[in-house]
Amino acid sequence: MIRVMGMTTVGQIKEFDSIKDARKAKLHWMWTDFSKPSEREGKELSKTFSFHPLAIEDCVEKGYQRPKFDSYHQYIFLVLHHLTKDTYEAEEIDVFVNEKMIVTWHYDQLKMVDEIWQRMLSGDAAREEQNPIGLLHSILDITVDEYFPHVYGIEDVLNSIEERTDENSSHDLMDRLFDVRHDMQKLRRSLVPTRDLLYRLLNGSNVGLTRDQQLYFSDVYDHVIKLTEMLDSYREFSSDIRDNYISVSSDKMNNIMMTLTVITTIFMPLSFLAGLYGMNFVYIPELEFEYGYFVLLGVMSVIAIVMFIIFRKVGWLQFSRSKKKKRRRIFKR
Amino acid sequence: MIRVMGMTTVGQIKEFDSIKDARKAKLHWMWTDFSKPSEREGKELSKTFSFHPLAIEDCVEKGYQRPKFDSYHQYIFLVLHHLTKDTYEAEEIDVFVNEKMIVTWHYDQLKMVDEIWQRMLSGDAAREEQNPIGLLHSILDITVDEYFPHVYGIEDVLNSIEERTDENSSHDLMDRLFDVRHDMQKLRRSLVPTRDLLYRLLNGSNVGLTRDQQLYFSDVYDHVIKLTEMLDSYREFSSDIRDNYISVSSDKMNNIMMTLTVITTIFMPLSFLAGLYGMNFVYIPELEFEYGYFVLLGVMSVIAIVMFIIFRKVGWLQFSRSKKKKRRRIFKR
Amino acid sequence: MIRVMGMTTVGQIKEFDSIKDARKAKLHWMWTDFSKPSEREGKELSKTFSFHPLAIEDCVEKGYQRPKFDSYHQYIFLVLHHLTKDTYEAEEIDVFVNEKMIVTWHYDQLKMVDEIWQRMLSGDAAREEQNPIGLLHSILDITVDEYFPHVYGIEDVLNSIEERTDENSSHDLMDRLFDVRHDMQKLRRSLVPTRDLLYRLLNGSNVGLTRDQQLYFSDVYDHVIKLTEMLDSYREFSSDIRDNYISVSSDKMNNIMMTLTVITTIFMPLSFLAGLYGMNFVYIPELEFEYGYFVLLGVMSVIAIVMFIIFRKVGWLQFSRSKKKKRRRIFKR
Amino acid sequence: MIRVMGMTTVGQIKEFDSIKDARKAKLHWMWTDFSKPSEREGKELSKTFSFHPLAIEDCVEKGYQRPKFDSYHQYIFLVLHHLTKDTYEAEEIDVFVNEKMIVTWHYDQLKMVDEIWQRMLSGDAAREEQNPIGLLHSILDITVDEYFPHVYGIEDVLNSIEERTDENSSHDLMDRLFDVRHDMQKLRRSLVPTRDLLYRLLNGSNVGLTRDQQLYFSDVYDHVIKLTEMLDSYREFSSDIRDNYISVSSDKMNNIMMTLTVITTIFMPLSFLAGLYGMNFVYIPELEFEYGYFVLLGVMSVIAIVMFIIFRKVGWLQFSRSKKKKRRRIFKR
Amino acid sequence: MIRVMGMTTVGQIKEFDSIKDARKAKLHWMWTDFSKPSEREGKELSKTFSFHPLAIEDCVEKGYQRPKFDSYHQYIFLVLHHLTKDTYEAEEIDVFVNEKMIVTWHYDQLKMVDEIWQRMLSGDAAREEQNPIGLLHSILDITVDEYFPHVYGIEDVLNSIEERTDENSSHDLMDRLFDVRHDMQKLRRSLVPTRDLLYRLLNGSNVGLTRDQQLYFSDVYDHVIKLTEMLDSYREFSSDIRDNYISVSSDKMNNIMMTLTVITTIFMPLSFLAGLYGMNFVYIPELEFEYGYFVLLGVMSVIAIVMFIIFRKVGWLQFSRSKKKKRRRIFKR
């Protein structure tokens, strides 16, 4: 779908039936949105606008494209990553902007773009938003803000993993940790280039931002920095969980081996003694003592008790107990 | 609660009943403190002062906000993290400053702000403190200095963990280490952006600090660097403790397995022999020797002794002892 | 083989029989390609062109040469790495360029060079390609683009390894991981210097790129950055796989040891009891009870059941199960 | 103790009874040394010299202070760390310098200061040393040079640990390694800020060093770089030792477990067979064969030998031997 | 030994008997080589040349000196590391250079210096080499090039270690890896400062290199970068080998433990049953059944087979096999 809106010479925002109509209207500025463009509609992009073929190629190609900022002679071109709710997969949105026009291109239908579109037409949009740079800010702002719930969601998963580290459920936790680290990496892959893109947008000279517009983009930049710092924290936290798991696991192994060793060390000598007096030699004097059996039981008890005391002293009978822990929250929300 | 003070034209510091009253007084400068502002009081901030809506948004939002420094046209805006005593949770304090006014905003009641307030009114404040930049310095200085006892506290915890690494109590130590590393990360998250904020305050051109004010802010900067370097040291120290724990733990496992192996290797052949002569074959010549039993006991003793000597030689009977250690202090206090 | 083409004064592209012929033709520009040069043909390079002996040495030497960009007075000199399909081994291609000429030198026959050559002669080449800088761009563009299938191939290998981590096939996976990491390192070794080379080509002042040419080289630069970021992602992913494998492996060990300990702990006391009543003492009262045997069987059952309940409670009888997982794709293609 | 010396107008170096006397003498320059100042003497610092209160605070406070360089209007202020022989604890020495005076302040008595003092009075001091900047160089030079024996001492400890890694003494080595890493961290904590301090001293514009003085400070800077590079080397070396220890330790565990498994696997079937023919069934035909016992002994021998051959083939009977190693030296001395 | 050569006013290169003689000859330039200088000859350095005492100190001291570049007023001073063939120990060579003279100083006799010396006298030296800067280039070029065979040698050692990782020889491999990493660190310690030295030589303003000389030094710089990148690759490769070894080793342990557990779990119940029917109770009905023994043998077989099937299913009887691998080469030579 291609849709067009613009601000008329009398400062009113109006939707147009086609790019051609809009052009006739001598607008202050024009917004063209390519939403899930069909192949035929897609060709409109290169025909109607004289954008550089390289930028058009970046739009039309469906493969993975990292967020970036390219500065062409008459306009700037941005590739952004909008977050898909459940898979952390990036939905690409490409934007061409100068003072007179904004063109947005996205193969996925994006609710946020629809909402901005409605807001503009219904007159609910703020003054500052009613121009191409303002619209770019809105798109960037919402794109970035929609990362927050997902990033907080990662914290929740990490906390629930951490809480259960001492349990016996074991390795499945590590598998979940592995998956959540994978998701964090995906988010980083979108956020870090977005941060750089914003930095260049703010500091690159050839984008004519007013002092006030700069403040608004700074605010978005600030949020991206916060997001990347949160991810860095989570990354470190998740590493610590893994290291902790390894120590829990090795501790468990130690307990198991201690049990095995204690049992073996106590019963092996006793079983040997029992075996000794089960032999069929013609002459084994002890067997003929009337109370030999009871003496042996006594000796066996002494051996068992002594062994037990030694193990107690060496500390092999004092198993570690895991404690209950309380849930924690890493970042205020 | 909103409270206002200012310096009158005759150089006297006076408290006022309302912002309105203060404005009438044509003050040299004015300090407005929003302490635990109610929603109604909060609205005063945007109504009375013409601050930028983005800065106001940063104040009013209760979510996590990282320490930062924003430079607006007529004033600078800072977000600081005051440390909560027990949870290492950051209490946000937001500050607007220029030469004529300072506005502080905090949702938590902060003893340090109350103390500065009293000091100003009682006349105990130093000359250099009696202006907005001086007050900003005091707030920063105290905020940073209050991190020290907590950071030293972390060292104490680390030392007490390190001292007990050789004990059998084991895994709980690693759990404490995990928690203290978590706390260190929290502190880092507040201190590192604070360091950057101070760097920009000192080197950013548009803040008009006098040469002497610069020295005072440098002193705070110096303390933040010291704090972050201490945390870096502790981080490395805590990693070393963990690595050491792993070696202690694997050593313990080795000792356990050696015991198991020694016992098994000695008694298995002996038990086998006993079992052999417990068999009921019709013709086992050894059983009929008069002193067969005693000969076997001799053979068994020889086997046991030889085994023992071999283990001694291989070094499996020379268990490692952990030594007492002395407490250490990492940083002079 | 040495082949020469150039653009005549009437703007037509023509192939020539020898460098000498081409020189006579007073061309706009000339492309000389040394493809698998024989030693005799190789000498042509230093005889015909007055290139710096150091650059010529870099061409002629067959040892490993890292991608680089050298700026000589009258021309620039580049060393590029073209990827061999199966071994990830780099095939070196050396390029001399200025506005009037391009010289390519490669010891391996390169299909991509042949294709560009044909395209130029057949007239299918774009306008922008028909000059030395344009040709340099084509070579760089194709060289870089040919890395993509290989890099995606690495992702496939990593995914197939990750999917099988829980299986018992075990260590061979780690060996494959080791090999794939080795391949990633090889790719990095070619891509990182290529990225730097492109950065310097774009930002170095003495290469006279037009604004439009700069855009085209930027596009290649963008692709190299994407490739190196992908490799970084894979590197981290592969580290996580290894860490995960270690936890899987240690979990397996725990299960094995638990089994051993449970079996040993249950049967050792039972065997001891059986041994006890297999002794041949003259007077063992229990042996003479009519139902002594059945009483003992009862006692043994109680011991086994109690042991079983204890192990159940301690959690040593609740083995972890690995779950099926779904294949994932890291980057859109 | 406070002591004062200075260069008189006739170019002679003289000691004075008090700061007051020295001031009267209209000296070229004056050196005031506060050595272990009493509280009363300490007050002299703020009374007599008009130093900035922040610098004075840094002197008077006894807590940990990192090496730093502060540039005040009329003088520079340095905090240095002199190394305590045995604990690697830093002894702070604070220095104020300009062309006309040098003031040194230290709570510990420092032999090196006493020696410089004597050298100056005895006339043994070099020409270039006879001024405040020259004295600052001497203090820095000696302070830095006194780190060398300690840093070399760390190398000796690391080598002696590395040499004994294969021994059975085991974990105590890791404990020593832990301690030496702790000491290395202490040294780094002093040396890295000292390096930065020297860098700023050399490159900071407002310190008026002559070209020749710059060469002398460069020489000290060079030594600090050498020291920090040595520590970096040692750090890496110590990490490698730890990793090596882990492999030694796991190897040992493998050997122990192999022994256990070999013994168990050989004797368990044999013991089972012995137990089988120790049963009291009324009809066990084998028991009645005349040479049944000898046949069984034969069968048992075959089982044992076959097992042995299998273990040999699997490689479980080919224990690794540790080799003698030669001592190495990492840095020439 | 001290030897002197220089270029006479007629452009001829001549050797002289002493520095004094050379000075008389009014040379274009002069090369003085101190090769294994005796103490007496050493004093010549400070007496004849007016070099700065700090530079002379760096020459005369025999301790470890890192490669560096110092710029004095009238000359530059370089410390270089020439590689000793077998121990990777650095042989220091110190060089003073300006347009009129070059002085080389080395305590070890260096074949490469002798060769350059002969080449100069025999007239085989290239035009560009026949001046102090050209000689400096030759020394640097050869010094750097002589690192290559050693660095390639490290690759060979790493490959031979990697190939044998799966073998049972085990820990000795890790010891060799430890040693080779140590050697790599030694090489890095010489190469990294050499790289920095060359960077400063190329970019430092006060060394008057002609454009062509710059190209020649760039070529050396390029080689040092290649060497350091190779070392970085090897470092990572060696880390991967170690990680791989750990997984191989833990896999082996798993196999050992599985064997132990399988054997124990099969034979313990069987031995228990045998023990049970070896008891001497007066009334054990099973013992009196005519075919009780054969029934029991059947039951035992069933138990053993069931166990075996369970282990097969759990995967504990499917040991991993290591595969043959092919030798690889990391860098083309």
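Going in written order, the chains are labelled A, B, C, D and E, and every chain counts its residues from 1.
Throughout what follows, a contact is a pair of C-beta atoms (placed from the backbone, for glycine too) under 8 Å apart; a residue touches a chain by one contact, two chains touch by 3 or more.
No experiment lies behind these values; they were computed from the predicted model shown.
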(message) Taking contact as defined at the start, I'd like the list of chains shared as neighbours by chain A and chain B.
(response) none
(request) From chain A, count the fewest steps through touching chains until chain D is reached. (result) 2
(request) Please decide if copies chain A and chain C contact each other with the same set of residue positions, more than half shared, or with different positions, and reply same or different. (result) different
(message) As a multiple of 5 degrees, what angle does the CA superposition of chain C onto its copy chain E give?
(response) 70
(request) Take the average of all CA coordinates in chain D, do the same for chain E, and state the distance between these two points in whole angstrom. (result) 24
(request) Calculate how many whole Å lie between the centre of chain B and the centre of chain C, each centre taken as the average of the chain's C-alpha atoms. (result) 40
(message) Quick check on chain B: which residues sit in contact with 2+ other chains?
(response) 246, 250, 253, 257, 260, 264, 268, 271, 275, 278-280, 284
(request) If every chain is a node and every touching pair an edge, decide which shape results: line, ring, star, complete or other. (result) ring
(request) Could you walk the ring starting from chain C, turning first toward chain E, and list the chains encountered? (result) C, E, D, B, A
(message) Considering only the defined contacts, which chain D positions touch chain E in the complex?
(response) 211, 215-216, 218-219, 222, 225-226, 229, 233, 236-237, 240-241, 243-244, 246-248, 250-251, 253-254, 257-258, 260-261, 264-265, 268-269, 271-272, 275-276, 278-284, 315-316, 318, 320, 322-323, 328, 330-333
(message) Going by the contact rule set out above, which residues of chain A touch chain C in the complex?
(response) 52, 54, 62-66, 68, 70, 72-73, 89-90, 168-172, 174-175, 178, 181-182, 185-186, 189, 193, 242, 245-246, 249-250, 252-253, 256-257, 259-260, 263-264, 267-268, 270-271, 274-275, 277-280, 284, 286-293, 296
